[in-house]
Amino acid sequence: MHVTIDEAERAIVAATNKAKEIKTRMCIAIVDSGGQLKRFTRMDGAWLGSIDISIKKAKTACSFGMNSGQIGELSQPGGPLYGIEHSNNGLITFPGGIPIIDSEGVLIGAIGVSGSSVENDQLVAQAGAEVISIADVPDDPWRT
Amino acid sequence: MHVTIDEAERAIVAATNKAKEIKTRMCIAIVDSGGQLKRFTRMDGAWLGSIDISIKKAKTACSFGMNSGQIGELSQPGGPLYGIEHSNNGLITFPGGIPIIDSEGVLIGAIGVSGSSVENDQLVAQAGAEVISIADVPDDPWRT
Amino acid sequence: MHVTIDEAERAIVAATNKAKEIKTRMCIAIVDSGGQLKRFTRMDGAWLGSIDISIKKAKTACSFGMNSGQIGELSQPGGPLYGIEHSNNGLITFPGGIPIIDSEGVLIGAIGVSGSSVENDQLVAQAGAEVISIADVPDDPWRT
Amino acid sequence: MHVTIDEAERAIVAATNKAKEIKTRMCIAIVDSGGQLKRFTRMDGAWLGSIDISIKKAKTACSFGMNSGQIGELSQPGGPLYGIEHSNNGLITFPGGIPIIDSEGVLIGAIGVSGSSVENDQLVAQAGAEVISIADVPDDPWRT
């Protein structure tokens, strides 16, 4: 199951509105359940460097079925996943990437946001995710 | 000067409408005058392989200030630009990429479309470009 | 919808048996509907260079919903898709990659085979595909 | 000397059985003594991000003739191999990659496993390795 373009656009609009509300300028990426880009926007004035980061955050969240920031907690020096960001053509492991889960508990994609502090990035990603996603990622988000 | 997010979205909407009218499903990418991704959409059911091609067509058109297909005419075996697609991390040199020029003749970005025949790709790219671009690319589209 | 590991293994076994029957040694790759590797085997003595080619053939067939060889017909010098192989981190556009379609006409993955002549590659890919795929690729193989 | 396809498949089966026993879903990769992919499987529901990690763990273990986790101990900040993961198109230096040694003490390949905690990954890799490998990696695993 993949996120549809209508769902993706609703998430982009909600995230953009949140970004404006907190006076930030963001790159916002939506990927499908295969980690493939579905919809992307770069607000006027957003950092160029955030294009790739937002897409990689979305791919990271999709690839492991967890928030990008959770992987960052495990990949610090001395941590069990130290160096994991060297896989998959580059992961981004700080907050701002969130899986999108449908009402049946199936992963249908992910959102990635970059352009401000990681707290703001995460806030904007949540605003986008919550309009099309159930609240929590289940233990078993994938279905074949 | 860069294409704004409002202009980019107007181009995406016009291109999407044209794609629906001719019963195709497209990936549509808008880049700014620096060749950086500004806005992207993948219509439901569009080819996965067209994500990268649409973005590369837009970058190709922006990078040389001409339609992507014009470069393809010059890069055939025996032609003056044979092999140019190996540069810039991969160009796409068949039709579907068009520069976007503002009313003062300045390049502000480009649109790239992929998902059907190259004739359809070009048609949809034109539908997107013409709502925000003047008709022709001038001899000197860049301003520093 | 994705090919399951049981389906993927059945295709690998059928393709391997065909490869032995015609006295060839092949690399055989199965990807899911997102183009992601699901199952892979390299028969003893198969070319090292065929590892990447078999995977890229499967990804190419999946990315465009058609046999890899069909794209090759369109991407010759002077053809409409000349140079397309520079996209998507490298396509392989000669025969040996075939989409896998389920009984409802939905693309669930693809098989890619490399290790002998393209005729033999295609023959082995067909032997693998036909145990889990309907005969023809429909006009509209994707579902969101 | 290289691992044969029969040995590789026996290792995959043993590792898959262990993964099921501990209720995990894994990507499992076998490379030959040249670090080239021989056999790969992604269990239904395994993380997409684990495809690349499992292959890189196997390549890492093969490339240095030691468990991937041993390299991770040496590549922490301040350690002698700090940053080694930037080489060889990306190493993965946490547990889950194990060299495969034949009865004469020769390196014939490696196994890499990803999909759960690193403890589980290592456990499953061991289950796969031990059916075709002697217990320990000798000081001098390579023969020219």
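Residue numbering begins at 1 within each chain, and the chains themselves are lettered A, B, C and D in the order written.
By our rule, a residue touches a chain if its C-beta (ideal position, glycine included) is under 8 Å from a C-beta of that chain, and two chains touch if they have at least 3 such contacts.
Note that the coordinates shown come from a computational prediction; the quantities given were computed from them, not determined experimentally.
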Same vs different contact residues, chain A with chain D, by half of numbers used:
different
With centres defined by CA atoms only, which chain is the most remote from chain B?
D
Averaging over Cα atoms per chain, report the distance between chain A and chain C in Å.
31
So, what's the distance in Å between the C-alpha centres of chain D and chain C?
27
Touching at least 2 other chains, the residues of chain B are 44, 48
Line, ring, star, complete or other: which one describes how these chains touch?
other
Who touches whom among the chains?
A-B, A-C, A-D, B-C, C-D
Can you name the residues of chain C that touch chain A in the complex?
2, 4-5, 32-36, 144
Okay, in this complex, where on chain A does chain D touch?
34-35, 60, 62-65, 77-78, 80-84, 86-89, 91, 140, 142-144
Residue ranges of chain B in contact with chain A within the complex
4-5, 9, 34, 36-44, 48, 51
Quick check: in the complex, which residue numbers of chain D touch chain A?
44-49, 52-53, 56, 72, 75-77, 85-86, 90-94, 117-118
